[in-house]
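Just below is one structure, and these are the notes that go with it.
Order of writing sets the labels: A, B, C and D. Residues in every chain begin at 1.
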Amino acid sequence: MEEMKDKCGVFGIYSNDKDINVSGVVYTGLYMLQHRGQESAGIAVKNGDDKIRCHKRMGLVSEVFDDFVLNNLKGDIGIGHNRYSTSGESHVENAQPIVLKYMGGNVAIAHNGNLINWRKLKNDLQEMGFMFQTTSDSEVIGALLAKTHIETENLEESLIKVSKTIKGAFSIVMIAGDKLIAIRDPFGFRPLCLGKLENSYVLASESVAFSPIGAEFVRDIEPGEILIIDKKGLKSIKYEENARTAFCIFEYVYFARPDSTIDGVSVYSARIEAGRNLARECKIDADIVIGVPDSGVPAAIGYSRESGIPYAEGFIKNRYIGRTFIQPSQLKREQSVKLKLSALPGQVGGKKVIMIDDSIVRGTTSKNIVHLLKEAGAKEVHFLSSSPPVKYCCHMGVDTADDPKHLIANNYDIEGIRKEIGADSLHYLSLEGLKKSPIGSNIGYCTACFNGDYPIPVEPLG
Amino acid sequence: MEEMKDKCGVFGIYSNDKDINVSGVVYTGLYMLQHRGQESAGIAVKNGDDKIRCHKRMGLVSEVFDDFVLNNLKGDIGIGHNRYSTSGESHVENAQPIVLKYMGGNVAIAHNGNLINWRKLKNDLQEMGFMFQTTSDSEVIGALLAKTHIETENLEESLIKVSKTIKGAFSIVMIAGDKLIAIRDPFGFRPLCLGKLENSYVLASESVAFSPIGAEFVRDIEPGEILIIDKKGLKSIKYEENARTAFCIFEYVYFARPDSTIDGVSVYSARIEAGRNLARECKIDADIVIGVPDSGVPAAIGYSRESGIPYAEGFIKNRYIGRTFIQPSQLKREQSVKLKLSALPGQVGGKKVIMIDDSIVRGTTSKNIVHLLKEAGAKEVHFLSSSPPVKYCCHMGVDTADDPKHLIANNYDIEGIRKEIGADSLHYLSLEGLKKSPIGSNIGYCTACFNGDYPIPVEPLG
Amino acid sequence: MEEMKDKCGVFGIYSNDKDINVSGVVYTGLYMLQHRGQESAGIAVKNGDDKIRCHKRMGLVSEVFDDFVLNNLKGDIGIGHNRYSTSGESHVENAQPIVLKYMGGNVAIAHNGNLINWRKLKNDLQEMGFMFQTTSDSEVIGALLAKTHIETENLEESLIKVSKTIKGAFSIVMIAGDKLIAIRDPFGFRPLCLGKLENSYVLASESVAFSPIGAEFVRDIEPGEILIIDKKGLKSIKYEENARTAFCIFEYVYFARPDSTIDGVSVYSARIEAGRNLARECKIDADIVIGVPDSGVPAAIGYSRESGIPYAEGFIKNRYIGRTFIQPSQLKREQSVKLKLSALPGQVGGKKVIMIDDSIVRGTTSKNIVHLLKEAGAKEVHFLSSSPPVKYCCHMGVDTADDPKHLIANNYDIEGIRKEIGADSLHYLSLEGLKKSPIGSNIGYCTACFNGDYPIPVEPLG
Amino acid sequence: MEEMKDKCGVFGIYSNDKDINVSGVVYTGLYMLQHRGQESAGIAVKNGDDKIRCHKRMGLVSEVFDDFVLNNLKGDIGIGHNRYSTSGESHVENAQPIVLKYMGGNVAIAHNGNLINWRKLKNDLQEMGFMFQTTSDSEVIGALLAKTHIETENLEESLIKVSKTIKGAFSIVMIAGDKLIAIRDPFGFRPLCLGKLENSYVLASESVAFSPIGAEFVRDIEPGEILIIDKKGLKSIKYEENARTAFCIFEYVYFARPDSTIDGVSVYSARIEAGRNLARECKIDADIVIGVPDSGVPAAIGYSRESGIPYAEGFIKNRYIGRTFIQPSQLKREQSVKLKLSALPGQVGGKKVIMIDDSIVRGTTSKNIVHLLKEAGAKEVHFLSSSPPVKYCCHMGVDTADDPKHLIANNYDIEGIRKEIGADSLHYLSLEGLKKSPIGSNIGYCTACFNGDYPIPVEPLG
C-alpha cells in the first residue's frame, strides 16, 4: 500500500543486572522497531546519580548511534524512541525521548500515539505560565506530570491523574526518578508489551524486539494500565476500566511487523486469515494470486490456500529502498515506482492475476502497481484489498491523509476507483471479514478509518 | 545462504541527447545494482573537454552521492561501479572507477570480475618501470592499455590486444577518449548487457538497471566481444571465439537480482525451476515447504508447485538489515541471526517443514536457521539446497572461501553436514538438475565451485 | 594569561529594511564576537508569521553555519549567541538562544552573564510545577517571563518585573513577539551596546561587531536599562537606578577585543595605560620590554612608552591555535605551550627582559612562559602583571577557578609566586593603577576577583 | 600583504625508538607548518612489513586527523605534507603524500616546490606508456624514480639520476623502502632542515616544527644534497655543486614563520633588519610607525628602532580568520577587510602614520588597508613596503599572479600606485636593502619576482 505513517516505536529496560549494557539493549530494540518510524531516533538513560543523558538525532537507528555514543550512555534504566517520517515540518526538537527536570526529579518520556486534547491541555498550562520548547504532545504530558506531581507530592497518584486527563492514543514508556513506567490508554489504541530478560524487565511497542536481545514475551500492557517497574519489582495499576477497547486494527493490516504477536494473535496469521476471508467473500476466476510486498503477501497466500488458486510472487522489492534516493531530474515520475518494485513477466505474463494489497488509501500507488503488471504482460489484473475502503482520517496518530478528500474512496464509487487504477476488477474485504481475521483475539478495535466510528469524539484537525 | 561476495556491479551510458542527466542515470543504475556491491560506489563522467571527473567513496550509492556531487559531474559519457564488501582490507584507494591519464588520452575503468594473471602482468609492467597506486587489478588493465595504445597508436587494436592478454573473468565498462567501451571475457563469466534509452546507449551488469531509467534491454554483450560506442554508433568486435563459454552459474543461484534476465533466461524462473528439479530429485513427506529469504523463496515455490506440498512463508526478514549494526557486547552471537531473520511459529509450529536455501557454503548460517525453525516449534526440518555442495574455491571473483577447508562440504559427508546443522534430513540439488534450471539457455556454465572444473588453469591463490 | 572563560557573546538585529539578510548580519556579528565563546553558536530568527526558527550547535560560528542553514533562517528580527568553552560538562542542550513558546507568544533568549539567584528562582518555579529541559539559567529567565507575562498580561510590565527579580550579571538580547529587547543588569557587569545599520537597529556585546556589517555605534545600553525595539522605534525604560555600577574590569584587562570601545573608552587604550601605570609604579633596569600575546602586548607598549625601555616582540603566537589539537602521547606536557607560543632568541637572548602578561591566575602557564624565555637565552626575566593578584572566585560568569585554593595568589606571597614561576622579579599593577587605566571612564567597576568586594552578596558556589 | 600561496610544508621522521609515536610526531610537525598550506594535509607511515599506509584529505591538519586515524598509522618511518590553498582547481587527488608501488618497492613522496620541466618529463614518460592518476608534479618524480630504479637496480644511483633530471624548485621528503630521504634542489629554492629527536631523525620545511616535539635543529639540508637516513644512520650525497644558490628571498619576507631559522638567520631578525634598512633608505617625518600584521610588524619595529619614531600597533587582526567565512550577500566587498583587520583610532587618530607592509602584489588589499587607517582618523598615511615592487611571476611555486598584468607595479609607476592605493607617500625597500637584511647569511637568493633574474630559464606558464 501507499506509505502511511504510524507515530513511533518505543522501548524501555529496567536492568537488575550490572552486566547488561542498557544502551546496547535499547539500541537493539529500536533497531527491531525501525519499521515504526524512520525520521529520528533517540535513547535516554538514567545512571546511578539519577542523571538522565539523552542522545537523539534525525535518521535511522543505525545512523544516529555509534559505539562512541552508546558507550557514553551508561546506566540502569533506559528508554528509546523511533519517530515516523513525514515530508512536512520535522525538526530535531520534536525528536524523542523528551527529558525534563522538575521539582519531583528527572523524567524522560517516549510516546507512541496522539493526544486529541493536547491543544487544550497545552493552552491551560500556558495560561498558568507554562512554556514549551517543542510542538510535541509528549512535552505536554511531561508538563502535566510535573505540575501534578508537585501538587500531589506522590508520583503514583500523579501518574494516575495525568493518565486520566490526557485523551487519545498513548502508549508511553517513561523514566521517572528511579522507576521505569509504562502507560497504555484505556482504549489500547497502540500496542505495548512487557518482556523479561533474565532478572530485568523490558518494554516494547512490539514483541518482535524481544527475541534478538534474548528476552521473553511476558504479556501485553493492558488498556488503562500503568505499570511501574523499580527495584521492588512490578506494580500494576488499572487506572481506568473502559467499557470498550479500541485497538487500531491497522496495526494488523499494515503497521506491525508480521513476526509480532499482539493481544495473543500473530500479526502474520491475521494477515493470512484476512486473505482467506477475502477468498470466502470474493471468488474470482484467475490463474494465480500474488501479493504486493511486504504486507500484501500473507493475504495472497491466505487467499491461495482458501481458493486453491496457485500463489506466485509477482513482484521483486528492492532491498535497498528506504534510504534516501535523489530523483534525477529527467526520470519520469511514473518510473519511480520501478525503483522500489519490479514485476516478473515470467510469473504474470499472459495470466489472469489476482493481486492483493493491504489497502487503498490515496490510490496513486495502486494505479502504478496495476500498470506495472499490465506492462509485464498480465492478461487481467483483479485488485483485491485486504481491508475495506479507507474513508475517514485518523485522529490517533496515523497519517493517512490530512483531509478526507485525499482518500480516493471519498471521490469515487468502487467502479470509479477501479477505472481510476486501471484494474479489471476491484474488491475490498468487508469490515466484518477484517475484524474476524485476528482469530482468537478478544479485544475491540478502532475501525474509524473505515466506518467513522471514532471511539472518542474528536476535535477537528487543524 | 551465507554472505558470498561477488565482485561488483558496473554501469555505463553514452548520451546522444543533451537533456539527459548523465550522472543521474548512472546513479539510478548503480542504485538498482546495489546488491552486487555495498562497500564503495563511484561515478566517472567525461565532459565536452575530454576531462574525466570522478567521485568515489566507501558506502552505499545513496550515501556516496548527493545532489551537490551529482550536479558537479556533468558530461556526455558516464560510468559507475559498486564494489563488494569484505570485512578485511578494504580501502577507498581500491574503489572504482579508476581514472588514468596517459599519452593516448584519459581513460576511466569499471571492472567486474577477477584476472587470474594480474600478478604476472603487474610484475612485467613493474619490471618495465611502471608504478601502481592501488592493489586493484583494474589499474593493471589501465596500465596495459596505456602501454599498448602508445605502441600501436590505435585504440581499437590495443583494446583487442589487452583483452587477449588479460586472463580470467572480466566484464568491463570503460571511457576511453570520446568512446564508451564494453568488454566481456571470452568465457563470459560475469554478465553484461546493452540497453537503449531513446537515442542513447546504456550498459549494465544486469538488465534490472534499465527499467527505472526508461531504457530497453537490447542484448547481452557476447563472451569475447568488445563493443565500442561513439558518435558513429555501435561497433562490435568479436576478438575471440571460445570453444566454451562458462557463465558463472552462481549468478542464477544467488548473485543476480531475480528480476534480471541473463542470456535470455529470467533469473527468477531459473530459481523456480531449480526448486522444481529439487522436487523431482527428492521427494519428502512434509506439511509445508518454505524458503530462506530472499533467494531460497522461488526455489521453495517451485518445489511446492512440482510436489503439491503447500508453500508457506516461514521467515520474516528485517527490511532494515544491510546497514551497519553495532553488536552490543552482551548479545550472544547466536542471537544475531535474529536481527536479520525471525521464524513464524504460526506457520511452522508442529509441522514437518521442508526448508530450501540456495546453497550451503560454510554451514554456520545454515545451522542457525535450522535452530530458529526448531525454536519456533517445527516438528521436522528437512534442509534442501537448490545447488550442489560447494567444494572448490572460486578464482573468478566470488568470495566463497579463501581456503577449501572452510567449506563445510570438504569436512563432512552429507550425513555429517546434516548432523552439524541439526536438520532432520539434508539434500542437495544435483549439478545436472542445477544446469538444466535456466530453461532455454544455450550457454555453457562455470561450475568449478561444485566440481572443480575450472575453465582456465589457475595460479594458486595467495 | 591562562585561559579564562567569560560567558558568551550576544548579538541582535531589528530590521526595518527588506533587503537586509538578517541571519547573515547575525552570523557576521557572531563571527566578530567569536573570542567571547567558542563552545557553541546559535542564531534564532523570527519571521513574518511570528514563528521563531533556531539553529544551534557545538562549534565555532564558521563551523555551525553554512549557506544552506543561513538561507533557511529568514526573518526580520534575529539574535545570536556564542557560548564559552569548558573542558567539563558541555552539552548542546545548553547552547543558546533558547526558544520558548508560552501563552504570551514566542520568545528567544540569548544571555551573557550569570544569575546568582537562579537556583532559588528555578526551585520556586519548580515548586509551582515548572519543568526545565536544560541546566541553563537562561531558561529560568524565560520561565519567569512566561509566568509574569501571563499574570500581568503586559509584556513591558513583565520585563521590568523579571529584570528586578533576577540578580547577578546579565546582558540579555531577546526576541519577544514582534520586538527585539535588550536588558542590562543594574550593575552593568557585562557590556552591551546599540548600533544603527541604516534604518535598522543592532545590538552587540562589543562594538567591534558593528564595523564589518556597516553599522555605526550609537551608545552603550545603560546599567538597569531595558531597551525595546519595534516598528515604533526605540523605547528605553530605566527600571532600576543603582547607587553603584560595577562593570567587570577584567573585560578591559583580558576579555574584550582590544578594538572594542566600552563605556566610551577604547579597550586597547586602557591596556596601554595599564602598562604606563605599571611603569610609573615599578621601575626596573632592563634592556627590553615584551608582552605575552595577545593581551599583554599593549601593556608592554605602554610600559615602553612611559619608561623609555625599548619595546620588542619576544614571542610568536601560532595563528592556528584554538582548533582542536590531539596531544600525541609521548609529547611532554611542558612542550605543549610551544605549540601555542615560541620565544625569539634573537630578540631576548642575552637580555634583561621585562615580560608583561595581563594577569596571573593559576600560575602554571606563567611558569611555562618564563621557562620559554630562559630557554631562549634571556639573562633576566622580570614578570609584570598588568592587573593585581587574583585572589577571589568570580560569581558573575567568569571561570577563573572553582575554588580559591586553585588561585596561586592564595597559596604563596609574592616572593613565593616569583620562585614558583621562576622569574627574577615579579610585580603586579596595583588595583588603583588598574582602575585609573580606562581614562575618561566614569563608571564603577567590579573588582571582586582582586579584593573580594562583591557588589552583590553571593550564594556559595556549588 | 595580500594572500600569496607557497606550495606546501613537508615533514619526516625516521624513528630509532620503539616508544616514539611516529604519526603523532608528524601530526605535530604539520600542525606547526600549517602556515605553509591550508588546503589539504596528509601523512604516510611505513610499518615493519614495508607497507605504507596513507591518510590525506582536504582541510587543516586538525580537521584531517583524529585519534582514530592517527592510531591506525603505526610504523617507524613517517612523512607528512600540507598543501596550499587556491580558489581554483583543487582536488583531493592532488593531496600528498603520493604513494606508489613499483618493482623496487614502495615509495611515498611529499614535495614542496615546483618543477619547471615536469610537462616534458611527463610527456616523455607517457610516450613510454606511463599513465598518471593526478596532475601533480610529485607523481612525475615518483614515476621517474620507479623507471630509473628498475634500470639501475640501485636506489642511490637512481635518486641521483632523478635529482639531476628534474629541474626547478624541490624540497622533497620521501620514504623509499626502509629509508627516509631528503632531497633539496641545487639552487636551494625552498627551505628544508634536519633535526634530531633523541636517537631519531626528523626533517622539516622549517625549524619551527622541531621545538614542540622536543627535537633539536641540526642543520639545513644543503642545496644539491641527497640525505639518506636508515638504520645505518645518515648518508649525505652532494649530487650537484651549483655555481649559484638561489634561496627564495620571499621566505624571509613573508612565507616562513618568524620564529624559524633558515640558513643560520632568524626570519624574525631578517624582517627587523629589513625595517631598519627601510629607515636608512627612507626618512619620513611621522608621529608613529605601525606594521600590517603579521609579517609587517617586525619591519615596523625595526624602522622604529632605527629612526626613533615611536612604534605603535595600528591594527587588530581577527584571531579566528582563516576559517571559512560565508559572505552574507548584502555586505559590501570593502567591508570584508574589516572582518580580518580593524584599525585602532586611539593609536592612529590625528597622527602622521608610517605603515609598513611586507610587499605590494596586486594592490587591492593595500588600498583597503590605507582606507581603514584614514577612516580611523590618521592624518597622513605613508605606505612603506619592506620589499621592492613585485613585477615578475614566480615559476618556482609561489602563486603571486598568473599574469604579470595583475601585478600593480606593471601597470603604474610609483606615483601611480600611491594614488591608486590612496597613500600620502609610498616607498619600497631597495633590492639591495632587502638582500642585506638576513645578516650573516652567505647564500645567494632568487629575486626573480623583483628583477626578473630567473636562476633557471623557464618554459612559459600555461
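Please note the rule applied: a residue touches a chain if its C-beta (ideal position, glycine included) is under 8 Å from a C-beta of that chain, and two chains touch if they have at least 3 such contacts.
These figures come from a predicted structure and were not determined experimentally.
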{"item": "Remotest chain, chain B as reference, centres from CA atoms", "value": "C"}
{"item": "CA centroid of chain A to CA centroid of chain C, Å", "value": "50"}
{"item": "Between chain D and chain C, distance of the C-alpha-averaged centres to the nearest whole Å", "value": "36"}
{"item": "Chain C: positions in contact with at least two other chains", "value": "none"}
{"item": "Each pair of chains that touches, named by its two labels", "value": "A-B, A-C, B-D, C-D"}
{"item": "Residues on chain A engaged by chain C in the complex (per definition of touch)", "value": "98-103, 107, 123, 126-133, 135, 142-143, 146-151"}
{"item": "Contacting residues of chain B [partner chain A, same complex]", "value": "19-21, 23-25, 27-28, 31-32, 34-35, 60-63, 65-67, 70, 208, 211-214, 257-259, 266, 268-269, 272, 294, 297-298, 301, 305, 310-313, 316, 318-320, 322-326, 328-332, 335-336, 338-339, 342-347"}
